[in-house]
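Notes follow the structure.
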C-alpha cells in the first residue's frame, strides 16, 4: 500500500511509458505528414470526443470494480484482525472461567491458551503466504509443534489444514475439562468467520477481473491514442500552431493512460507488489495484539512503512 | 472464465460480425449516394452524439447489472467452497470429539465421516449439473450409496433432495450416538448456508436480466450504427476525405458493438460457455480440499485452464 | 416477467404512442411554420443538448432505482423459496428424528408433517394474493383445515395470521412430544426469515418510487420533446433538408421515451402485469418442491411461460 | 410521502420561486444591456456547458445520497414493522406454550400477553414522536401503566427507556413461570433488532447530509443561473431572436433548480413534512396488526392518504 | 461535523486559495502575452472540455469513495451507540433477573451493574482517543478502578485491552452467581459487535483512500487550471472581451477546485478536525444514555454544536 502523498514524476512517467512513446510517435508522424501537405489525415475532433467518452465508460467501470476488489480484500483482512482478537479473547477468558472447577489444572490451561493463540497467529501468517504464493513456510515453525509443522508442510491448502487442527484442539480441551459448557459453540463462531474470510480472499485471488474488460480497455486506449493526433491536427493547423498539437496529444494521452493504469494496479491485491493490501503489516498487528493479550512483554517490532510503502 | 490476457483479433471481430457487416453496408451505401451527389442524406453530427450518449446510458446500465450478476454468482460459489469446508470440518471434529464416550464405535464413526463428506461432494457436483442443465448424473454415483443414487435419479430437484438425505443422516447419527449434544445444531447452520447459496444460484439462472434492457440495447445499437454514416459524411466531405468516413464509422460502430457484447456474455453465468463462472474448477477444488481433510492421499488431479479458458 | 427475446414492433410503438404523437404534432407544426418563413422558432441545438443530459440524469437515476426495486423483490422471493424448502426439511427431519423415543406416535407425526408443509404452501400462496391484492382466497382452502380457513377469511393481514397459526402448531407439537429439544428454536429461524421477506415485499408494494422523480421525469420528457424540433430545424434548414427534421425528431423522442418507460414498468413488481416478478411460477415451484419432499408422487404441473410471458 | 401522481403546477413553481425570480431578473438585465448595445456581457455557450456538467455531478451525487437516506429510513421502519409482528407472535405463542405446565395461571398469562403487546405498540409510537421531535407524549398513556407512564415522561430517551421496561417484564415473566426455557433468549433477538432500527433512525436524524455538498450545490446552482443568460445571449442575438433568450434561460434554470430541490426534500425523512417517511401510517399498521394478533375485534381505523399525501 | 447551513465566503476562498492564486497567475500571464500579440498560446476549447470530463471522472469517483468512508465511519459509530445501549440493558436486566435466587447478594449485584456500565463508557471514550491519536488517557480514570487504569496505561491497544477486562468481569460474575444460565452467551454477542465496530474504525483510520487517486486528482486539477486560460483566450478575444477571460477562468477553476476539496476533507473521518465524525458528541450521548439507564440523576451536560461545528 502506498502511504506517501507525493509521487516521483519520473516513476510516474515510466509507469505509462509504453502509451506515451506510442502517442509521441503517432503525433510526430501526423505532424510530419501534415507539414508535407499530405492533408488526408485530418479527422473532425468530434470523433475523438465520442471515442473518448466510450473509453471513459470502460475505464470508469473498470476502476470502480477494481477499487471494489481492493477494498473488499482490505475489509476481509480487517475482519481477520477482529476475529483473531475475539477468538484470542474467548480462548483466554473461557479457559480462565473454569478456574473454580474441580478438574482445573493451571498448567494445562496455561499451555492450552498459549498454544491456541500461537496457532491463531500461525493461521494468519499461513493465509498471507498462501495468498501471495510464497513458499517460506519455515516462518510458521516457531508457532507450531514440530509434528504439526511436519504434517502441515505436506498439505496442499495450509490455512484450511490449520483450521482443522484448531478445531480438534478445542474439542480435545472440551473433553479433558480445560474448556466446558458451551465454550466450543462460541469459538466455532469465530472459526467460521475466519474460514469465510479465507474463502473471500481466495475468491478474489483466483478470479481475476473479467478479462474482456481488461483487454478491451487497453485496445480502446491505444485506438484512442492513435486517432487523437489526426483529430487535433485540423484545429491546430487552422490556428497556425500545428507543432503545439504534439504536447497536447501527449498530455491527453497521458491523462487517459494514467486513468486506465491506476485502476489496473488495484485489480489484484495479493501479488506482493507495492499496491498490495499490506498483509505483512496486518499480520504483524495481529501478532502484537494477540501476544499482548497473553500477557507477553517483548512483542515483535511494529512494521512501519519504508520509503512510503507499507507491505 | 477467460484466463488469458490477450485475445485473438479474428475471434474478436467474429464476435461482433453482424454489427460490423451492417455498419459496412450502410457506410458504403451512404458514401455511394453522396458520391452521386444525392446529398439529402446529410445529418448534423450532434444527432449521433445525442443518440450515442442515450445508448451509452443503456449499455453502461446493462454492463453494470450483467457484471453484478456474474460476480454475485461467483460469490455464491465462493460461499459454497467455504461452507463445504466448514461442514466437512464440523463432521470430522464433532464425530471425533465423542471418542471418549462409552457408546463410541470407531468403525461406525469412520464410516459416518467418510459417507457424509462424500455426500457433501455429491451435492456440489449435483448443483453444478442442475445449474448447467446437464444430464450426466452418473458422475454422482461413486459418492453415494446405490439405493440413494437410484432414488435421486427420479427426483426433480436433485440438490434439494440430497440436502434432505444429509439432514436425515445427521439426525440418525445423533440418535445412535455417533454425534451428540448440540452437534446437529451447528451443522444445520452450514446446511442452511448451502441451501441459501443454491437458492441464490437458481434465482440468477431462472431470472434473465430484464428483457426490455436487452432488446432495446440491441435496437438502439442498430439505430445508432444506421444513423452514424449519415451524420459523419457531412464533415468528411467538407474536408474532401469522404471515403475516410467508412473506416471511421466502422471503428466507432465496433467500439459500441463490443461495449454492448461484453456485457451480454456475462448475463448468464451458468450456461456451460467459456464466459461461465468456472463451476467445474470450483467443484474440483472442493473435492480435493474435502478429501484431503478426510486424510485421503490420492486426490483427483487439479483442473487447470486449457488454452486460456477455465470451465 | 418477459421471457421472449424479441418484441413485437407494433406493441413497442403503442407502448410510447402518446409521446410519439405529441412529438409528431410539434414537429409538423414547427416545420410548417418554418416553411411559411416564420423563422422566430429557431433555437440553437445546444439547448436540447443541455436539457437532454439533465433528462438523462433523471432517467438513469429512475431506471436504476426502479430496477433495484424489481431485483430486490425477486431476491426476496428467492429467499422465500429457500426458507420454505429449509423449513419443510426441518419439519420432516426433526419429526422423524424422534422416532426412537418412547412417546413417538407414527400417525400423529405423519399428520403433523403433512399439515405443516401444507400450511407453508398456503402461506406462500396467501402472500402472493395479498401482494397482488387479489381476492380468490378459496385457492388456499385445500391446504388448510376448515376451521382455520374460516377464521383466516376474516383476518385483515392473512399471511401474518398464517404465521401465527404455524407458530402455534409448532409449540403444540413441542408439548405433545411430536417435536422436542431445541426443534422449535431452529424452526423459529425460518419463520423469522419468512416474516422478514413478507415485510420486505410489503415495503416495496406500499412505498411507490418517490413521486417527485416520476412526475418530473415525465414533465422534463415532454419539455424535451417540445423543444427538440425548434433546436433541430435550424441545422436541417441550413442543409436544405428541413423535412428530414421530422423523422429525426421522432427517432430521438422515441429513444428517450422508451428509456423513460422501460424504467417505469419495473417500478411496481406486484401488480399482476406481464412485467411482474413471476409470483405464480415461484409459488408453483415451492409447491412442487415441498410436496416432493413429503414423498408425494403426483405433483401439480409445472407452470411454463405462455407466449413469452411468465406470471 | 406523496401518493398522488400529478402535481399542482402552481405549487411546483412556488417550490423553486426564488431561483426562478433570480433567473428572470438576470435574464431581463442581460437582455436590456444587450438591447442598449452594451455588448461586453457575451460569453461563449461552452462556459455554461462546462459549469452545467460540474453542477450535474454535484446534483446527481446529492440526489443519490439523499434518496439513499430516505430509502434506508423507510427500510428501517419496514424492519420495525416486521420485528414488532415477530415479537408479538413470540409473546403470544411462547406464553400459550406453557399452558400445560403445573404453575400456569391463565389470567396472569393473558394479562402478560396484552401488556407486552401494548408496550410494543407504545414503543413504536414513542419512536415516532422522538424522531419527529413532537411532545404529545399523552398519546402513549393508554398503552402503559400509570406508573410507567409517569417515569417515562421524565426520561430523556423515551424509546430506549421503554426497551428497558420491556426487557424487565420479560425476565419477570421468566422468573414467575409465565415464560420459561429459552423464551427470553429468542425474544432478545427481536428486542435487539428493534434497538438497532432505532439507532439507525437516530443516525439519519442526527447526521444531516454533509453540509458541504448542500451549500456548494446551492452556490453553484446560483452561479450557473447567473452565467446562463450571458452565454445564451450571443447565439440568440445572432439569430435575431434575442428576446427568446429569456424563456429559454428560465426553462433551463427551472430544470436545474427542480433537479436540485427534488433531492433536497428527501434529505431528512423525519421532519413531519409531506415528503417524510409515513411514520404515522406505519405506526397505525403496526397497531392494527398487533391488536388483531391479540384477538381484539374493534381495531383503530386504517390511516389513508389525504389529498394525495400520506403522513 | 459541520452543522450550519451557511458558510463564510472568506473561509471558503481560503480553503482553495492555492488553486485560485495559481489560476489567477496563469490567467494574467496568458492575457498579458496575448495583449502583446504573442498569439501562439491559443488552444481550442475542446481540449479543456475533454480534460475537464476526465478530471470529473476522477473527482466523482474520489468523492463517492470519500463520502462512503465517512458514512461508513458514522454508521460504525451508530452501531457503537446501539450496542452500548443493548449491552447496558442486558447487564441491568440479567443481573436483576437473578434477584429471586438463593445466592443473590444485592450489593454485589448493584456494584457489578455500575462497574460494568462504567467500563462500557470507558471503552467508548478509549476508542475515541485511540482513533484520534490523542493521549489524555486520564479522562478514563473516573470510570475504572485504579489498578485497571494503571495496567491500561501500559497497554498498546487500549480499547482491545478493555474488552478483555470486560470479558473477564462477565465470567467472574457467572462463577460467583451474580449472573447465570446463558447470560454470558448473550452478552458476548454485544462484545463481539463492539469488537467488530472497533475493527471497522481502525480499518478506515489505517487505510487512507488509495494515494494514486489522491495524487492524480490533484495533478490533473492543476493541469486543467493551467490549460484553461489558453483554451478560453481564443473565444474571448474573438468577441473582443479578452480581459473577461480572467474572471471566467477563475470561476471555473474555483468550481473544480471546490469539487475536489469537498471530497478530500471527508476522506479521513477521525482526525480531530471540524469535518470529523462527531466522536465527542457521540461519546457524550452514550454516556448520558447509559448513566440514565443505571438510574443516575445528574447526567453530564449534553454536548451541543459550537459556532456551527459539532466535534
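We call the chains A, B, C, D and E, going by the order they appear; numbering starts again at 1 in every chain.
The working rule: contacts are C-beta pairs under 8 Å (C-beta built on N, C-alpha and C of every residue); 3 or more make two chains touch, one makes a residue touch a chain.
Here the structure is a predicted model, which means the values were calculated and not measured.
K.L.:
Considering only chains that satisfy the touch condition with chain A, which of them also satisfy it with chain D?
P.N.:
Correct list: E.
K.L.:
Between chain A and chain B, what distance separates the C-alpha centroids? Give it in angstrom.
P.N.:
24
K.L.:
Approximately how many whole Å separate the CA-defined centres of chain B and chain E?
P.N.:
Measuring from centre to centre gives 39 Å for this pair.
K.L.:
For chain B, what residues touch not just one other chain but two or more?
P.N.:
49, 53, 182
K.L.:
Pick one for the touching-chains graph, please: line, ring, star, complete, other.
P.N.:
Contact pattern: a closed ring, each chain touching exactly two others.
K.L.:
What order results when the ring of chains is traversed from chain A, passing next through chain E?
P.N.:
A, E, D, C, B
K.L.:
How about chain B: which of its residues touch chain A in the complex?
P.N.:
1-7, 45, 48-49, 52-53, 56, 59-60, 63-64, 67, 70, 74-75, 78-79, 81-82, 85-86, 89-90, 92-94, 96-97, 99-100, 182, 186, 189, 235-236, 239, 241, 244, 248, 251-252, 255-256, 258-259, 262, 265-266, 275, 288-289, 292-293, 299
K.L.:
Considering only the defined contacts, which chain A positions touch chain B in the complex?
P.N.:
Answer in residue numbers: 40, 42-44, 46-47, 49-51, 53-54, 57-58, 61, 65, 155-157, 160-161, 163-164, 167-168, 170-172, 174-175, 182, 185, 188, 191-192, 195-196, 198-200, 202-203, 207-208, 210-216, 220, 223, 227, 234.
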